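Once you scroll down, you'll see the structures, which are given as structure tokens.
Same chain, two partners: chain A is paired with chain B first, then with chain C.
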Partner chain A sequence: MSIFHFISDFFSQSAHWHGYDGIPQRLWEHIQYSMLAMAVATGVALPVGLVTGHTGRGGNALALLATAGRALPSFGLLVLLFVIIGLGLLPVMIPLVVLAIPPILVTTNEAVRSVDPAPVDAARGMGMRPLRILAQVELPVALPLILSGLRSAAIQIVSTATIAAYVSFGGLGRYIVDGLYQRDYEQVVGGATLVAGLALATLGAFWLAGRLAVSPGVRHR
Partner chain B sequence: MGIVTDSRIHGRRSRAAAALIAATAAVALLGACGSSGSGGDGNPLAPAKAAAGQVVVGSNNFAESILLADIYGEALKAKGLKVSYKPNIGSRETTYGLIKNGSLTVLPEYNGALLAYLDPKAVPTSADATDSAAAAKLDPALQLLRHAAAEDKDAVVVNQGTAAKYHLTADSSIADLASAAHELVLGGSPEFQTRQQGVLGLKSVYGLDFKSFKALDAGGALSEAALKKNDVQAADLFTTDFTIAKEKFITLKDPKNLFGFQNVVPLVRKDDLPQKGVDALNAVSAKLDTTTLLDLDTKVQADKKDPLDVATEWLKSVGLS
Partner chain C sequence: MIRFESVTKRYPDGTVAVDGLSLEIPDRSITVLVGPSGCGKTTSLRMVNRMIEPSGGRILLDGEDVQQQPVHTLRRSMGYVIQHAGLFPHRTVADNIATVPRLLGWDRRRARSRALELMERVGLDTALARRYPYQLSGGQQQRVGVARALAADPPVLLMDEPFSAVDPIVRKGLQEELLRIQQELGKTIVFVTHDIDEAIRLGDMIAVLRTGGRLAQYAPPDRLLSAPADAFVEDFLGADRGIRRLSFFTSGGLELSSAPVVGEDDAPPDLPTAPYLLVVDGDRRPLGWADPKRRAAGDRTLIPYGRSFPAERGSLREALDSAVLSPTGWAVAVDGDGRAVGVVSQEAVAAAIRAAHAGQGGAPEDAEPAGVR
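Up next, the complex of A and B:
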């Protein structure tokens, strides 16, 4: 039994394509968990990264905090929170958000801080207010780097959202966790393939977003 | 130029370090050979045979097995036998091999799990049938003694709220849940959902149709937490799980033996255990039931008492020490 055999078996079974345990449903659940975690993480980390990058203050403290956050094991955090909080989406979301904040925060801060000072000075000389400088000069210039931070956060969330299945939720992790416990390796391989595929699709989505959003003048590669 | 000199110094230093490590290892190895040589065996890799007249009690790598080994071992000691312990060894795959080759004399076992290991296809219908089926497959040097009433197996457990709502007591069976099951959420490990000894059997044998199933873990921290917080109203836990006593959960009886038999039973080497030792172990098994074992497990796992103290204390209380 090769891995490709497992994959073709998994995807050729019609039972895997509909119902509450079908691939479309599980894929949709996985995307929902990922989007929710991504929205919360971005909502927290992006403004903080922009402001600290703009003012150039607190960068070291942020880096320290972000490194500490990265060191937290998602799985351990999940089980701990489950035992404390109980069954619900919150114990799943917290580890995912904690995982995604560091890359967004650090790259955004770094991206804004390393914007060429010449255009920023020029904008200030033209009488722009700080908020406008941030929105109209620093953000567009820093956007490629900010997007790369968001991208790595999104990919980490997509691949880690599988842990939701460990505490009885759905998503693509369901196939992996159930398959492992039930010794049904076809499911494990199929689930892993789907997660990898979704991660690649996320990569593609960010590439597209970069093409559309980044100003041609800034896009130097 | 400077870089070259640096790398040379560095190279010399690391070579010296490597030589030092090698020398230390060699000394340690020689020491090890010397000590085993004095044992008189010659081959340092040969299994350590129990000395004549010495009873070696082994246990698997979980708390209850260690406690049971202490209970059986101390009972042997009380009858004047020379006992030594090899606790916390590993899984059945390892310990069965060790008792087969004579490194262990006594090993606490569970009859159903042992039978499943020796003959995965067997479907026994009583605890005695489980014993005899396992005995038939045992290595000729080994023997199963009398099993205890104490069992450590899967059980449907409900929390206090559920028990109060549907008037369930310690005497209630799984069947009493039949009319209420459609209002209840069941928790268990993911494999519990697809096993005959799980959701399938609960439906076909007892007619239980739960509202939904939450895939958690096999009687571990997740299932216990979910049941405690009433996220699930019933869960698959193990009968000697100390949280059952701690949280006052109710274990439902399994009169149709859906979950099989997992009685505690001592597995022994026939030739290395004298008759008075066999009698001592049988006397312990006669006194040990699930409630007692759960109580002793709680003392060890929840109250963090030394299993050896718990064992001697209990033996004294039932007059076996």
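Up next, the complex of A and C:
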């Protein structure tokens, strides 16, 4: 059987569209985990990246931290936390957040740091206060790059959130984990397809956000 | 009035950018700080709006120490123009110009109409209001920069090498525009440049700074050219300062002779004193020189006249240039519409130059700027 048969069979079975193990339910769970992890990671990394980028200090420490964060294997961390903390959403969220922080932090810092100094100097000379300069000059100019950092973080979260299923949570990982366990490859392929689809949808959402939020004056580059 | 009182800027590593600078910058005039790189001219300028804080001395604005004033209020009360304009790339031209009015709490509509008004003032088509900076040429961007600095009508304008990043032709246009705006608005302008020609062209007063941040000379351009304080200033001014100084003497006093000006089809008059005739067209625009004897013999060839000079608003430099450029040694004076008013010989220009020097009685202190650039 080809992979396309797996996919078409998986999606044509009406049983896969209903109930607690149905696609809508699993998709929604997956989106919820992803959004939560993304919100926490953004809430931590974005302000830190903006401030370090604005002041131009702490860039090295940041890079070090980011490299360390990237080196941590998400799955290993999940298992470790599961052993330490026990069952719960926390052991799932921590690896996802740890995974997402480095790209957001590093890109945001770099994005703000690389803003042309001339407009910033002009803003200062015109009597803008530092916070206003950050919000009204540096952030809008750095936004395309910042969004790209958020986007890669979001894609990584969406694809990695499958690990929630290993510690008996839901999400699209359920199909993959259960399918592998039951040697039901149709389910594995179906789940993987859904994850890929969700990742593509995330890309689309960020493209749209870019169109809406980035000024045409900086988008052209 | 802006007053520097022994202002010093010494960095923690011991570098001295500005060393005991004392200057009085008169109101409603352009004061240029000029000097080689590392002379502290930009540092001096940036201490006025406290982008840099002095480590010694003080700067008074209308008698008040700038360091006693809230920094943001101080900066909003001064226009600030920098080298690459520093426009906000994410904001339209109109929004860029409206920055300070918006900071001062003007409502959107008032700020916008002010922005459009300023676009006209600096010679920008208001159709550009909705454009973004990347859609403008370098010269247009710099005009927006100037408009943005003028937006809240500040009495003081600080300009840090504003025209040095554009090509020479555009720069000349921007300089003329600045002089025109200054004539209309009468701001107190502090202007930094490394280009001595720009300084002489724009400055009512010029402060020449030397490396290490010390003032070498502070004088009006005419005086700077006629009496440089020392070898450094003389060297910095470069060659032909005598010729350049002639820019400050008006050509209005030259005695123009209109007799040798003849129409294309007129019979050549009998003028034993004029070795050449200036042939003009029906609108009295100069066409070229003719030798009277050869013209009488039917030879219609004309000798190119080179370049004319404005009879009234011109300077002796332009008159001299016109005379030496012309193969006949005679300069052609025209009115505002380019019509020939008369001609004047190299010798007559030279006599006028001598008279101008004599008029100053050899004492340049009494020099009255001719108001001509």
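One rule holds in what follows: the second predicted complex is superposed on the first by the 220 of 221 C-alpha atoms of A that agree within 3 Å, B and C clash if a C-alpha of one lies under 4 Å from a C-alpha of the other, contacts with A are read in each partner's own complex, and residues count from 1 in each chain.
Going forward, a residue touches a chain if its C-beta (ideal position, glycine included) is under 8 Å from a C-beta of that chain, and two chains touch if they have at least 3 such contacts.
Small disclaimer: the values here were computed from a predicted structure and weren't measured.
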- Message: In the superposed model built on chain A, check whether chain B and chain C fit or clash.
- Response: fit
- Query: Just chain B (first), just chain C (second), both, or neither: which does A:137 touch?
  - Reply: second
- When both partners are placed on the shared chain, which of chain B and chain C touches more of chain A: C
- Query: Once the shared chain is lined up, is A:79 touching chain B (first), chain C (second), both, or neither of them?
  - Reply: first
- Task: Could you say whether A:217 touches chain B, chain C, both of them, or neither, answering first, second, both or neither?
- Result: second
- Query: Which partner does A:87 reach: the first (chain B), the second (chain C), both, or neither?
  - Reply: first
- Message: In the overlaid three-chain picture, which partner chain does A:165 touch, first (chain B) or second (chain C), both, or neither?
- Response: first
- Message: Here's one for you: vertex at chain A, rays to chain B and chain C, all C-alpha centres; what's the angle to the nearest 10 degrees?
- Response: 150
- Query: Between chain B and chain C, what is the tightest CA to CA spacing in Å in the combined model?
  - Reply: 38
- Contact footprint of chain A on chain B as seen in their complex: 187, 189-191, 193-194, 214-217, 221-222, 225-226, 229, 231-232
- Touching residues (chain side chain A, partner chain B) in the complex: 79, 82-83, 86-88, 165-168, 174, 177-178, 181-182
- Item | Complex contact set, residues of chain C against chain A | 49, 51, 71-76, 80, 82-92, 99-100, 103, 132-134, 145, 148, 158
- Residue ranges of chain A touching chain C (in the complex, touch as defined): 116, 118-129, 137, 140-141, 215-218, 220
